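Letters are used for the chains, namely A, B, C and D, taken in the order the chains are written, and counting of residues starts over at 1 for each.
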Amino acid sequence: MEGSRRDEVDCASIDDLFQGLRREPHNLLEALRRVQSRYGYLPLEGIKKAAEYVGVPLAQAYSVATFYHQYSLEPVGKYRILVCMGTACHLRGNSLNIEFLRSVLGLKPGQKTTSDGIFSVEEARCFGCCGLAPVVMIQRPEGKNEIVGKANARTLRAIIAKYRRLEGGAG
Amino acid sequence: MVKVKIDGVTIEVEPGTSVLAAAEKAGLRIPHLCVVKGIYEGASCRLCLVKTPTGRLFPACAYYVYRDEEFISDSLDLRIERKVNFEFILKFHRMECWLCPRKGNCLLAKLSKELAVEGTPVCAECPLSPEECLLTKGVPCLGPITLSGCDAECVESGGPCWGCRGPISRVDVLENAFSRYRELGIDTETILRKADIFWNSLPEFEVVKKVFNRVRTS
Amino acid sequence: MSSQHGSLIIGEVPAVAGHVDVHVESKEATVRVKFSATQDPRFFERFLKGRPSVEVPYVMSRICGVCSVVHLTCSINAVEKALGVEPSEEVLRLRELAKGLEIVQNNLIHVLMSLPDFTGCSDVVSFSKMHQSIFSNLMEANRLALEAHKRICGRFVHIPTLGVAAHNKPVSRYELETAGKLLHTVARKLEETASDLADAWRPPVEGFSDPAPTYCVLNGDERYPLFSSSLLFSDGVTVPVEKYATVIEEIRSPHSNAHYALYRGRAFYTGSRARIQAYSKIIGCEVSVLAKTLSIDFNNPFDNVGAQYVDVVYLSRFLGDLALDLADRFRGGIKPSHVEYSSGSGEGVATVTAPRGVLIHHYVIRGGRLESANIITPTVMNARHIEVAGEALVRKLVERGESEENIKNIIAALVRAYDPCLPCSVH
Amino acid sequence: MPWSLLDKCCEKCWHSPKTPCPDFINCSLSGPLCHSDEECAKKRKTRLEQLQHGEKGAKIKVPWTSCTLATGAEAVYQAVVDYISKRGLDITVSISGCYGLDFIDPWLEFVTKGMPTAIYANVKENSVPKLIERYFLDQDVSGAFALKEKTGNAKGEDEVPLLSELDFWRKQYRWVSRNCGIVDPESLEEYIASGGYKGLSRALKMGPDAVIDEIQKSGLRGRGGAGFPTGLKWRITRQQRGTPKYAIANADEGDPGAFMNRLLAESDPFRIVEGLTIAGYAVGASRGFIFVRAEKPLMARRLQRAVEEARKYGLLGTNILGSGFNFDIEVILSAGAFVCGEETALIAAIEGKRAWPRQRPPYPAEKGLWGQPTVINNVETLAHVATIMAEGAEKFAALGSDRTKGTKMFCVTGAVKRTGAYEVPIGVTIRILVEELAGGAPDGVKIKAVQIGGPSGGCIPASLLDLQVDYETLQSAGAIMGSGGVVAISDENCMVDVAKFFLTFTSAESCGKCMPCRVGLRVMWSILDKITQGKGQEEDLEVLKQLAETVRSTSLCALGGTAPNPVLSTLRYFMDEYEAHIKKGVCPANVCAALVTYLIDEDMCIGCGQCAMNCPANAISKLASGKYRIDQSLCVKCGTCYVVCPVRAVKKTSCSGGGGNG
């Protein structure tokens, strides 16, 4: 499954991504972000192109790509469930929520994405919505985000069921 | 030229010299590990810490002097900080010294002796290359499970390690050592019996035995 | 102890290694000196039971950190005898060399430690200040001896070089030659220092003669014996080592953890004083001249120190020649070697010349494992003799009206003169 | 598009980015200055009036920020627009920032002439028509949350309190957040109409040195956490010989529990752009950067838009307002790394490298971005700068405590009734923040500690709530002011778990460059983990302390240097909880999973089956009696049943030796 997703990536026509971006090394972060936003993750070919475009060695681009949390070198699920791990969210029970999500989705330790590639569960840093703690954010493939405030096992189960239905209906 | 005073020794150096370079110029030894002049000067290992008279700590390798300044490079608290930091370094170092090409010329082993940190096995100091290793000749050598610090004198004079300095207490090292013994067909019972000579009453030896038993049965 | 009655305790006589208390009790003209080692016994003979015979020597060498090589070689020898293994000739020679080197270096240190007693100084520091040249010469000789030792053995104590029927360290011809030359230098240095030393020489008690003049040495014909198969007593009796038990009896000291060895129920002594007397013919005149220079009275227990000095000079020459000879014979150096043997059963007694005298290791091995062991160290042999000599000495000193403080110092000096390496008596 | 204040009033006005007019800001408010024309003056007056009440005399403001969007402001906005177009009402709908009062999100503000301005709290999209009808058609304000002022001619006015009289508003001093929730954050015109860019035009007339003097006189200290005097930092940077110089706004607000920078940038972004421009002018920089945290994309969009707007009207670019000062700003989005908040790491990130901090000195003021002198200020600091330059240093210096002047925004979250961001003069007590502004603990729990300063801060016990919040006082109590996040911790939380949580955070966020931070924090974490599993030993605490000290004093940057603070402060104030875990194997707050057992109280169970349905391990089964029971051998202690039970029949107990470590 993951393999086939990888193969889909064709980075030949990637150059249009970088339009309007100056060819300066300090634009590396932005260039990588654009690659990621197109493919959902950073394919190696994409990192190469980005590095080439801004004029830094591939090694540096790779070191940057592995350093920041927002970049992912592996394909992620269609729906990325980001569980806030901020203080307020932790204190109000997000550590329980993430365990719940993982067990409901049947994720093994170290596994991020469900085997059908629909959901991935990740820890995230504070979204700045601490007033609504605990917060879970679902990144949808069309680029819109759904923020769920005051999340608990019940609401999360409902949300997963909702997206499962959506998937079931589509395919 | 500016004057740097380190531990009471005054050294005249060009402005922009690091404290470490100034100390080396005066023949003072400040332990350091990560710095390679011109290649890496990121001040990562935090071993070359020096103290200003006001008590602030700086890494000597990345503190450049532009005016007359004074530093202390050796004091009890500095030693403790260095020691703890060095223990951190060893904590996640994969110590399979018996297979390491740097054995016998290992900076970590040297520093662990210098900083009095118990961590590396005798193999780290052993002058024999991995191919000449006594273990490969079937000699039951206690090197892999014994604390270094003796400069591997026994191995140097031809005999196997007898474990004079006591057992290493890191479980992962012991496990690796066990599998190495087994790989080379050395009876671990012999090893334990030999270790029993000097470690008989050491509480740490119980750890060794426990680990060996666990690995054997698993 | 101003009157005829009283007791005196000399606590913790400082020496090279270990401590010993000496209790002096005098009661109606009978004086009793009690030599009591304060150290706890370590039960080497007991806890080695059941250990594989190969390991035994390495552990036995830990009886004493000062004369580890001697214990090691003796133990190896005993195991070999028990198992009937014959090591090759060069291995035997290297063993002699290693052991002899230890005697040289060891006795040198003993001499240095005792010299304050013999020059009227309170301690080594003041001795080093008063007799700077003697001190620096002796230290230099010691350093050279250590250097030679390192060349042959790799490290100073508990050498892993030697093993049962084996030699582990490659010794190159260069190393042998260097060791030989160094040893000759040691001998020369000591000979040069001798006259200076003679000037400074003030034995604590002169004219005191040994009340029990029986000694024991290894029996050797032509050559200074570092190993031997028989013991020689001063009354002319020669006993094969296997039969040592018929003449030497080891008993527990009634008042301490130390052991006594008695020769037919009598106290006897061993050590350099005995060796120089017994081997006067082998040693030859050059060294005898040295003994004259130092005006050694072999009948005086104190003069053991002087005898040691002579012993060191002779041994340095002897071992230097041995090393050079080996270098000549083995032009490519001596390779590590070992003789294959099956771990069998048997009984073996080995005796070697130790720095302080005669050392006996006696093992019974069954099925490759140690069944029983008996070790008689020189200190054990000397222990009773110290008491006997001490009693006579105290009587003499009290007659002379010496102060209590003086008596204390002199008794301590006597103990040091015999044997500064006390843990061996408790093992 | 109607005529705006920023447009030319007539042919005589000559301001454009290419031909800047030094009096542009003053002129657009109280102009025209270069010529006298009744018409033009009237035009401005009408426009100002329009801005306040909407072009059609009525206006609905919908807050459009991350926090309100998360509670459904988008749907509310849609409902408002739909309803207005359906009924054909003459009402302008505009967006605004956020007051920082999270507990009323999402809210709506209704403005019309002759009526008191009303705020409605927690609006649902289906209640929108009713609200609009009642306010605009019936002129009835009853049901509103608060009013801005009273006019005496609306129905139900007496029952609704004035906003300025409410506790959480009255006790605030809104100095830097004055525009938050009031102006449209995407409109430069509204910003200028509310007094914006006065500071910059004043600064440009004073000259750089006078600006630095002014800031020094105000006593402003960096609001990012360390509290370094801003004026001094600028002076040092100005004195550096190297050119070009750079000015950076640090908008990488990463502390969990702190969102005042997000709030400022989303509600009043121009203030930050103005502040950064002033900073650039004072130090002699030619380029500015705003480095924004990746997790806050709206903040970046707002700032980006503000920069573009300012550039459009000649407030950025070459020869700003005719002063000869050239300055442009680039907004850079991070890619997610907490350590970017550290200034040297931030510089590395801007350069397009890994965000690895480097050893200071040399400080960025000497060698910063691309080796050039660089001034880095926190977003809040820069907002203060713009306000100080507009209002004058004296006014600012009159606020605050003896040692630290001015105001500071604090975000109070956790176990309080009214979570939100509050601006208070520095020197008020923690009690005022937590109890008076945020309303204290929710019913049924008690606040036992307050965590101040994010992962780098410390936990202060409830007994010390009367401490003043300023840099020095907090430091002496083992916390730091940090960026100003205040998290109230109730007695339902375990302090050991809290300390472990912060270490989880900091050790995951450690950049990995230096040893004490990379390894030390992990080792400390594993000790705490051992303690929370009930396997701790007494000597662990000593080791923990020693490690914490080493990590603190030898780490390369402030991340590692402050990361042990939560551990040290909990060790200092909550030793009893550590001891309970270690000696008795009990978690007093029933939090640490390994020490807690979940049981269903059969007397209280109503047999609804929620617990069994939600149990991920299928450990809950129905008994013959219709009640439920947990099979302890299957229970994974996730706590789901505890949360979902509608009647709280699931109980947590922490019994001795519950760790099951034999």
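The rule is simple: contacts are C-beta pairs under 8 Å (C-beta built on N, C-alpha and C of every residue); 3 or more make two chains touch, one makes a residue touch a chain.
The structure displayed is predicted, hence computed values, not measured ones.
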Revision key, fill the gap. Setting subunit D aside and leaving every other chain in place, the chains that still touch fall into A | B, C
Practice item. Using mean Cα positions as chain centres, tell me which chain lies farthest from subunit C. Key: D
Practice item. Specify the chain with the shortest distance from its C-alpha centroid to the centroid of every protein C-alpha atom present. Key: B
Review point. Counting C-beta pairs in contact, does B-D beat A-D or the other way around?
Key: A-D
Review point. When the centre of a chain is set as the mean of its C-alpha atoms, what distance in Å lies between subunit A and subunit B?
Key: 41
Point to revise | Separation of subunit A from subunit C, taking each centre as the mean of its C-alpha atoms, in whole Å | key: 80
Revision key, fill the gap. Expressed in whole Å, how far the mean CA point of subunit B lies from that of subunit D is 46
Exercise for review: Quick one: report the Å distance separating subunit A from subunit D, using the average Cα coordinate of each chain.
Suggested key: 24
Review point. Touching two or more other chains, which residues of subunit C qualify?
Key: none
Practice item. Name the shape of the chain contact graph, picking from line, ring, star, complete and other. Key: line
Point to revise | Chains touching one another, given as label pairs in label order | key: A-D, B-C, B-D
Check your understanding: In their complex, what parts of subunit A are in touch with subunit D?
Key -> 24-30, 32-33, 54, 56, 60, 63-64, 67-71, 84-93, 95-96, 99-100, 103-104, 123-133, 135, 147, 149, 152-154, 157
Practice item. State the interface residues of subunit C toward subunit B in the complex, per the touch definition above. Key: 51-52, 55, 58-59, 153-155, 158-161, 163, 167-170, 336
Exercise for review: Would you mind writing out the residues of subunit B in touch with subunit D in their complex?
Suggested key: 42-46, 49, 57-59, 62-64, 80-81, 84-85, 88-89, 91-92
Practice item. Write out the stretch or stretches of subunit D touching subunit A in their complex. Key: 66-67, 69-71, 102-103, 105, 253-259, 262, 294-296, 332-338, 349-355, 411, 413-415, 419-420, 451, 454-455, 485, 487, 489-490, 493, 498, 501-502, 504-505, 508-509, 511, 610, 614, 616-617, 636, 638-640, 643-644
Review point. Touching subunit B in the complex: which residues of subunit D?
Key: 356, 358-359, 361-362, 513-516, 518-520, 523, 546-547, 550, 553-556
